[in-house]
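Chain IDs A, B, C, D and E follow the sequence of writing; residue 1 opens each chain.
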Amino acid sequence: MNAILLGILALPMLAALALWALPITLGDRLAALYGAVVSGLVLVGSVLLWQRTEGWFAYSELQPVQQLGPNARPLDAVTDVPWIPPLNVRFHIGVDSISVPLIILTALLTFLCCIYSLKITPRIGRMRSLIALLLVIEAGVIGAFSAMDLVLFFVCFEIVLIPMWLIIDIWGDDHDPAGRKRAATTFVLMTVFGSALMLLGFLLVYRQAGTFDLVQLTNSPVLGGHGIPLVAALLVAVGLAVKVPLWPLHIWLPDAHAKAPTVGSVILAGILLKLGTYGLIRILVPVLPDATVTIAPYLGGFSTVAIIAGSLACLGQTDLKRLIAYSSVGHMGFVGLGIASLSDAGMKGALFANIAHGIITGLLFFVAGAIKDRHDTSDLRTIGRALYARLPRIGALLTFACLASLGLPGLAGFWGEMLVLLGAYDPSAALPQATFRVFMVVAGLGTVLTAAYFLRLIRNLCQGDPAENPASAFAVDLSRIELITWSPLVVLTVLLGVWPGLLLHQWGIL
Amino acid sequence: MPLVLPLLLAVVLFCLGVYGVLSRRNAITILMSLELMLNAVNLNLVAFDAWHLDGLATGQTLAVFVITVAAAEIGLGLAIVLLLFRGHGHVDADAARDLVEHEESAT
Amino acid sequence: MTLTWTDWQAIAVPLVLAIGAVAVLLIDAFWRSATVQLRHTVVTLLTGAVILFGLVFVWAQRDDFKPAFCRPVVEGPAECSLVFEPLTAGLWGVLLIGGLGVVGLSAYRLLSADIPVGEYHFLLLSALVGATTLAGARDLATVVIGLEVVSLPSFALVALRRDRRGSEAALKAFLVSVLSTAVMLFGISYLYGVTGSLHLVTIANRLTGLDPDMKRVAFAAGLFVVVGFAFKIAAVPFHAWLPDTYVGAPVEVTAFLAVVSKSAGVAGLLVLVVTGIAPDGSDLRLVIAILAAVTMTVGNLAALRQREAVRLLAWSSIGQVGFLLAPLAVGDAQAVVGYLAAYVIVTLGAFGAVAVVQRHRPAGLLSDYRGMVRSEPGLAVALIFFLVVLAGLPPGLAGLFTKFAAFQAVIDGHLGWLAIVMAVNVMIGLAVYLRWVAELFLLPADDPFSVDIETPAVVMVSLFTAAAVVVSVLPSTLFALAT
Amino acid sequence: MTTALFAVAGAVAVAAAVMVVTSRRIVHAALWLVVTLGAVAGCFGALQAEFVALVQILVYVGAIVVLVLFALMLTKAPTNPLPTLTTGRSPFAAAIAVVLALLLGAGVVFAFGNQKIEPVPAGSANAIGTSIFQTWVLPFEILSVLLLAALIGAIALSQRKKED
Amino acid sequence: MIATVWRVAGVGFSLLLVLIAALLYGAAPEQASFLNSQIGDLTIGFAVRTDDLTVLLLAVVGVVATCVQVYSLSYLHERASSYHALVTLFTAAMATVVVSDSLFLLLIGWEVMGACSYLLISHYWERRDARSGAVKAFLMTRLADVGFLFGIFVLGVGAGTFRISELDPARISPGVLTAGTLLLLVGVVGKSAQVPLQTWLPDAMPGPSPVSALIHAATMVAAGVFLIARLYDVFSASSTTMTVLAIIACVTMLFAALCAMAAVEVKRVLAWSTVSQLAIMFSALSLGTREGRHAALFHLVTHAAFKGLLFLCAGVLLHQVGSAAFVVLRRYTRRGVLRNRLRVTFLTMTVGLAALAGVPGFAGFFSKDTVLEAAWDHAHHDGSVIGWVVLASVGLTASLTAFYCARLWLWVFFRSPALAGAIGAFEVDDPMADLEDPDTSKLKDASWLMLGPLVLLAVGALGLGYVDGLHLNWAIALGSTVLVLFGVLPAYSLWSRGADPRPAVLERELGVDRAYHGIFVGPVRWLAKLSVLGDRDVIGAYVRAAGRSGTLASQGLRLLQTGNVQTYLTGAVVGVVALAILAGVIAR
C-alpha cells in the first residue's frame, strides 16, 4: 500500500520533470496523451488505495481520542522517515478514509483534464508545460491530502501555488492579459499570506506540543480554548480560510476562476479549494479541539454569510465563469458551516460536500469552458440566449450541472448540504445551539437563493427565443472528447446522489 | 582629573565630526571630519585606559590600532576620491548621482 | 607569547588565504610572459584551490572546538581572540563557499577585461581573510579590524574597473562604511569603558552586573556596535548606499558584496549576539528585531517596482537581510546560518545568471529577460529556481525551510509581531520575484535573449543550481552547518 | 596640573575642530585639522599616554594630513573661500549633531560623573609593545593584512587603465 | 430514434406502475430498507414500503400517467425525447414518493418532481411566460422544501429515526411534534400551492397541457395530500398543526375558487380549481379523523380522474384551436363550430366539468359529499369548531365551483343568446376582436391517441364515484345539490345576459403576486446588486488598496533614493538617534 501511495506521489512529479526534459517540438497532442497516461496510472493507484476499513484514524466528536487508543483506526500506506531532523520535520504520509476519496477526486479530475486536453487546447498552446504543471499540481495536492506532518502539509499546500499561478497567468483569458495577471497574482499572494499565517499557527502548535506529527497531535491534542492555542487556532483557521475561501477572504477567487483556462478552473475549483476545508478537518479540529470550539461559532457565522453573500453575488453576475466561481463561495460556505458545527453529521456533510462540489463544479467549469470556447467570451450578454436551440446537448448538461449544484436531492450536491444543515440543527453539545439553528435557517434560505441564481442562469443563457439569438457559424454541439471527459462526472454525480452511503459508509462513525 | 572631561571632549569632537560628515560637500573634507570622529574614539579609549589602569594598556593598544586603521582608510579613501575626480572632474560627494535610478526608467 | 599548535590550527584558514593572496599577487605581477588567458586561469585556479583548501580544512575540523590566542584570566573563562567552534565552521563554510562562487563567476571571459586580475583576486582573498577572522573573532579589536579587512578590499574591488560608475559606487559604499566604522569604534570605546575589556566573554560577564546609568551607556554602546554591522549588511535605515553601489559595481563584485561581504557582516553580528553582548531579553535584541521588521518591509516594498535586474536583486537582498535579522534577533544561530547558506547559494546563482545576460545586454532591464524560458531554457529554469528559493516557495524548498526556521525561531522567541510582519513580507517578497518570473515566461517575446553562453558561466550556474537543488531536497544539510 | 594641561589642549582641539568643519577654505580646514590632531596628541600626553601621542603625531600629522594635502592638490582644490563647501542641509546636520551630543553627553555625565582618573605613566612603548605581542597578536597580524590590502587597493585604483 | 425510445419507455413505465399496483393490491404491508449509513445516532438511508395507500396512489399515478403519455404521443412532436424522458422521470419521482418509507427518499422524489415540473413547465422555453412560470414554480416550491427539510430534521432527530413507519407520535415530545409537522406543512403548502404559496400554480400553465394534467391530477400537487395522509398519525397528534391546516385549507379553497371565477383562460380556471379542490382535500384531512382521511383520499382519486380529463381536454383545445383563452375560443363559439367539430372533446369535457362542479351522479359529487359528511360528523358528533368551519367553507366552495364550471362550459361552448355574433364579454380588451374571423374550415377533433385517454378518464370521472360503495347521506347530498344549483344558476343568468362581471381585485388574484414581487423579488435583486458592489467596492477595495499602497510605498521609497550619499549618511545618523530613542521608549 505505501508503495502505491509513494508511487502516485512521485510518478506525476517525475513525469512532469521528464516532460520538461523532452524537446520543445513535442506535439500538443502527444503531451496530452502522455499526461493522460500518467494521470491515468495515478488514478488507478489512487483507486487501489480505497480501503474497506471504516472511519477516520482519530476524531470522535470531541471525545478525547486517548480513549480510542492510538491504534484504534490505523492509517494506511504509512511512510514515516525523518526528513529534516534539525527542525524535527518528518516525511510522514499515510491515508485514511477521509483522504482517499479526495485523492481519488484529484486523480480523476487531473486525468479528465489531460484527456480533455487531447483535443481541446488553449489558444496559446504550450501544452507540454500545461500538462507538466497539471501533474505537479496533482502531486502536490495528493501530497497535501496524505501528509501526516504539519510541515509536510504546508509544503505540499505551497507546491501548487506557483504552477497554478503560471496556469492562470499564461493560459488564462487571452482577451485580458492585464486582468489575468492581476487575478493570478492576487490569487497567489493572498494564498501565500494565508499559508504564512497558517505556518505561524503550526509553529505555535509546535511550541505547545513539541511535534509536527499529526498522528501524535491528534492523539494528544493541544488543549485549552484560550491563550496560545486560541491564537494558533485563529491563525490556522484564517490561513486555511483564505484557501477555502471563506467570506470575506474570497475576493481572489472570482477573478482567478474567471480568468483561468478551463482545465485551470476545473482544478482550482475542483481540487485546490478542498485543501482548505481538508486542512480544517484534518488539522484544526483534531489538533486544537478546545480552541476550535471557541472559534466555531464565528467560523459558522462567516460561512453562513458566505452562503448568502456568495449566492447574492451570483444573482448579480453577468459573467458565466464568475458566476460559477461565486457559487463556489456559497458551496464552500456550506462546508465551513458543517465543520463549524463540529458534529458527526456536519463533518460528514462537509466531507461529502467537498467531494460533491469537486465533481459538480468540475463539470460546471468544463461546460462553462466549452461555452466560452465556442463564443470566445463568457459574458452572458454577449453569448446571448437560447442555448438550448444552438447547443442543445451542452445546454442540457449545463442544466443538469446547475440542478446538481443547487442541491437537488437525488444528485450528489444534496447530501452534503443536507448533512451540513442537519449538523447545524444538532451541533456539538459544546456549541451554542440557538446560534447554529439561526445559521441553519439562514443557510436554508441560501439554498433557495442558490436555486434562484442557477435558474436565472438557465433562463438567461439556455432559454430564450432562438430567433433573436441566431447560432454562430462555428458552434458545434457536444464533441466526443467532451462527452468522454464529462460523462464520468455526470455518472458520479448521479451515483453519489442516489448512493451517498458509498462515501458516508466509508467514514463510519467519525 | 575627572573622567568626564576627556569623555565630553570626545563627545564634542565626535559630534563635530558627524556634523562635518553630514554637512561638508567636498569628499576630502568629509574624510577629514571622519578623522575627527576617530580621534574622539581614541580619546575615549585612552581616557578609559587611564581610568581602568588594568596594566594591560588595552585601550591604548586599540587606540594605536585605530590610528593604523585610520591610515589605511584614508589611503584607500583618497585613492577612491582621486578616481572619482578622474571620472567626474570634481570631488563633491553629493553631486555624484549617476547611479540613481532615473525617472524615465521607472514606471 | 608563543603561538601554540592550536592557535595555528585555528588560524590556518585565514593564514592560508592570506598567503594565497600574496602568492596570487606575485604570480600576476611577475609572470608577465604568460598570455592573459593562461595567467587568468592560473590565478583563478590558485585562488579556488586556496579557498577549497579552506573548505576542506573546515570540513575536516567541523566538530572541533579550538580556542586560540587565549589569555588566562583570574576569574571567569579564558579570554581568546579567536575561537574555532562548530558555529565558526558553519560561518566559514558559508563564507568560503561564497568566495569560491565569486571566484568561479570571475573566471576568464567572465570577468570584465578592465579589471586587473591579480589585484582582483588578491583583494578578494584579503577580504575573505577578514571575513573568516571576523566570523571567529571573540574580541572587539579583532572584530573591528576583521570588519575593516572585509570592507576596504571590497571598496577597492567595486572601483577596480576604474570607471565613472565604479568610483561613484565605491565612494558611496566607502563613506557610509567609514562612518559606520567610526560609529562602531565609538561604541566599542564605550563598551571598553564600561566593562574594561575588549574580550566578548568578559564583556558579556561584566555587562550583567552594571548599575542603571552604566547600563544605559552600555546599551548606547551596543547600539553603536550593532549599527556598525547594520551599515555593513545594509539594514534599513543604513541601506541606502547599497542599490547604487550594486548597480555601479561590476556584476561579479556585486555578487561578492551580496554574498561574502554581507555574510561577513551577519557573521559578525551573530558572534556578538551569541557571545552575549546582546543577551536574551536585552534591548539590543529588540533593536535588532525592529531593524529586521523595517528592513524586510522596506527592502521588499522598494523591490516591488524595480525595473533593473541588479537593482531588484539589491533591494531584495535588503529584504532577505531583514529575514536574516529576525532569527538573529532571538539568537538562533542555526536558523541564521541555514538561512545564510541558502541565501548565499541562490544569490550567487542569480547573479551568475544576471551576469550572463548583462554581459550581452548592458541595460540590465527586467524586460531583457522576456521569453527566456523558450530562448534560453536552461538559464531561465535555473534563474527561476533561484528566484523561487529566494521567495521561499516550492520547489525552492531551501528557501522555504530556511524561512520556516526563521519563523520558528521568532515564534520560539515570543516575537509574535515580528512573525506577522514576516508573514506579510513573504507575500510582498513573492510579488517581487514573481514579476521577474512572469517576464521569463512571457511569450512570445519580440526580442528574446539567446546567446552562446560562456562555458565557465554554464559550469558555475549549473553548480549553483545543483547545490540549490541538493539543499532543497535535503534541507537538513543547511541546518547541519551550525549545530 | 595635568587637568589644566588637558583642559587647554582640549579647548584648542575643540576650537580647531570647529574650524575644520566650518571653514570655507579647504586648505585652511586641512591645516586646522593639523592643529586639532596636535591638540588631541597633547590630550593624550596629559593622560600619560605618551606612545599613543607619539603615534598620533607621527601617523596623523606626519602621514595622513600630508596625504590629504596631496589629495587636495591633485584634485585642484581652490584656495579661495568656497560658499558651497557646506551644503544647505547643514542646519539640519547641526541639529542632529547637537541632539546626539546631548544624548551622549547626558549619558556620559550620568554614568561617569563621579569618576576620577589619576593618570600614571603606563603608556610607554614598552608597555604597549608587551600588550600587543602578548594579547593582541591576532588583531595586529590582521592589521598587517589590512594595510597591505589598502595599499594594493590604493595602487590598483591609482593605476591608469591599460588602454590609457 | 431516441424520441421513439423514450416514448415507448414512458408509456411502458406508466403501464408498469399500473401493473405493480395491480400486483400489490391486497398484499400485506411490507417495508424494506437499504443503503443505510450511520450518522451519529441516526441512520440515513433509503426504505420502501407497500400498503393500501401506496397501491391506491400507484394506481392513480399509473393510470393518469399512462393517459398522459399516450395522449402526448400525438399532442407533442418537438423536443419529444426530453419531454417524454422528463415525464417518465416525473412519474418515477412521484412513484418514489408514494412507495418511500424513508423521509429522505421521499424528499428525493418530492424535489425531483419539483425539478421535473420546472423543466416541463419551461418546455416551451422560447416563451417568456413559460420561462418565468417555471422559475417561479421551482423557487416557491424550493422555498417551501427548505421548511420541509427542516421539518424532517426536527421530526427525525426528535424521534431518532427517519423511517416513516417508525415515527411514533407517542415517542416524540409535543413541542417537537408541533414544530416538525408545521415545518413539514410548509413544504406541503408549497408543493400543493396552498395559501400563501399559491401563486406559482396558475403561472405554471404555459407548460404543455398533458404536463399540467399530470401535475394537477396525480403527481406534484397531490403529493402534499399524500404526505399528510401518509403521516396522518403524526399530523393528527398535533392539534395546532391541524388547526393551521384547516385555516389554510378553508382560506385557500375560497380564495382559489374566487380567482377561478374571474379567470379568462381555460387552463387558468382549471389551475385555480385545482388549488381549490386540493384545499378541500386538506380540509378533510384537517378534521383529524379517519373519515376525513378517507374522504380526502377519495376526493384525491376522483379529482385525479376529472382534473386530468379537463386538462387533457384543454390540451385538445390548445392543440386544435391554438389557444385556450376565452377570448379566442369565443370567436369559434360565435360561429358555433367548437361544439360540433370537437364533439368528443366537448362531451368528455362536459363530463369532467360536471364532476368538478359536483353534479349529482358524477364522481366529484360523491367524493365531495364524503368530505362534507366527514366534516358534518366531526362537527356534529365531536362538536369541533374545525368541523363546522370546514363544512361551511366546503359548502360555499361547492357553490363557487359550480359557478365557474358553468361559466366555463357556457362561455366556451355556447353562444350567448344576448350577444350572438356581437362583441362579447371577453372581446372588450381583445385587440384582435374586430379582425377577420378565424378560419374554421380545418378545425376538427383530435386524433384518437388523444381522444382515447379522454374517454378513459371520462369514464373514470363518471364511474369512480361508485367504487367506494354508495352510502350517501341524503341530507347532505340534497344540500350539496342545492348549493351546486346556487352556483350554476347565476352563471347561467349572467351568460344569458351576455355579461361576465370580473371584479378587478379578483382578476388580479387579490394582488398577492405583485405583493410578493415587491416584498421578495425586489429586495433580493437589490441585495444582489449590493452584494456585487460590496465585493467590488468594499472587500475588493481592501485588496486593491493593499496592492496600491504597496506600489505607492515603493514609489515613495524610490524618492528617498536620491543618489546623494550625504542624504544616505544623514538618514543613517537619524536612524541611529531614532533607534536609540525608540528602544529607550520601548524599554521604558
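The rule is short, and it goes like this: a contact is a pair of C-beta atoms (placed from the backbone, for glycine too) under 8 Å apart; a residue touches a chain by one contact, two chains touch by 3 or more.
For reference, the UniProt names are A = NADH-quinone oxidoreductase subunit M; B = NADH-quinone oxidoreductase subunit K; C = NADH-quinone oxidoreductase subunit N; D = NADH-quinone oxidoreductase subunit J; E = Proton-translocating NADH-quinone oxidoreductase subunit L.
It should be emphasised that the depicted structure is a prediction, and the values quoted were computed from it without experimental measurement.
Novice: What's the overlap between the neighbours of subunit A and those of subunit B?
Specialist: Expected: C, E.
Novice: Quick one: how many steps at least from subunit A to subunit E, stepping chain to touching chain?
Specialist: The fewest steps needed to get from subunit A to subunit E is 1.
Novice: If you tally the C-beta contacts for A-C and for D-E, which one comes out higher?
Specialist: By number of C-beta pairs in contact, A-C is the larger.
Novice: Measuring centre to centre with C-alpha atoms, which chain is farthest from subunit B?
Specialist: Of all chains, E has its centre farthest from that of subunit B.
Novice: From subunit C, which chain is the farthest off, judged by mean CA positions?
Specialist: When every chain centre is compared against subunit C, the largest gap points to E.
Novice: If you average the Cα atoms of each chain, whose average lands nearest the overall Cα average?
Specialist: Here the chain at the core of the arrangement is A.
Novice: Please work out the Cα centroid separation of subunit B and subunit E, and write it as a whole number of Å.
Specialist: One centre to the other, that is 93 Å.
Novice: For subunit C and subunit E, what's the span in angstrom between their mean Cα positions?
Specialist: Taking the average C-alpha coordinate of subunit C and of subunit E, the gap between them is 78 Å.
Novice: Cα centroid separation between subunit B and subunit C, in whole Å?
Specialist: 24
Novice: Take the average of all CA coordinates in subunit C, do the same for subunit D, and state the distance between these two points in whole angstrom.
Specialist: From the centre of subunit C to the centre of subunit D is 31 Å.
Novice: Quick one: which residues in subunit E touch 2 or more of the other chains?
Specialist: Each of 558, 561, 563, 565-567, 569-570, 573-574, 576, 580 in subunit E touches at least two other chains.
Novice: Which parts of subunit B, given as residue numbers and ranges, touch two or more other chains?
Specialist: Expected reply: 7, 14, 17-18, 21-22, 25, 31, 47, 51, 58, 61, 65, 69, 72-73, 76, 79-81, 83, 93-94, 96-101, 106.
Novice: In subunit C, which residues are in touch with two or more of the other chains?
Specialist: 141, 145, 148, 152, 155-156, 159, 162, 171-172, 175, 179, 183, 193, 220, 243-244, 305, 431
Novice: Using the touch rule from the top of the page, what pairs of chains touch, sorted by label?
Specialist: Chains touch in the following pairs: A-C, A-E, B-C, B-D, B-E, C-D, C-E, D-E.
Novice: Mind listing the subunit B positions that touch subunit C in their complex?
Specialist: So the residues of subunit B in touch with subunit C come to 7, 10, 14, 17, 21, 27, 30-31, 34, 37-38, 40-41, 44-45, 47-48, 51-52, 54, 58-59, 61-62, 65-66, 69, 72-73, 76-77, 79-81, 83-84, 86-88, 93, 96-101, 105-107.
Novice: Please give the residue numbers of subunit C that touch subunit D in the complex, ascending.
Specialist: 1, 3, 11, 14, 18, 21-22, 25, 68-69, 71, 79, 81-82, 114, 116, 119, 122-123, 126-127, 129-130, 133, 137, 139, 141-142, 145-146, 148-149, 152-153, 155-156, 159-160, 162, 193-194, 213-214, 216-217, 220
Novice: Mind listing the subunit B positions that touch subunit D in their complex?
Specialist: 1-9, 11-20, 22-26, 28-29, 31-33, 35-36, 39, 42-43, 46-47, 49-51, 53, 55-58, 60-61, 63-65, 67-76, 78-83, 85, 90-91, 94
Novice: Which residues of subunit E touch subunit D once you look at their complex with the stated criterion?
Specialist: Going by the criterion above, the answer is residues 566-567, 570, 573-574, 576-577, 580.
Novice: Subunit E touches which residues of subunit A in the complex?
Specialist: Interface residues on the subunit A side: 61, 186, 190, 248, 250-252, 254, 309, 312-317, 343-345, 348, 386, 388-389, 396, 399, 403, 408-410, 414, 418-419, 421-422, 425-426, 440-441, 444-445, 447-449, 451-452, 455-456, 459, 462-467, 498-501, 504-505, 508-509.
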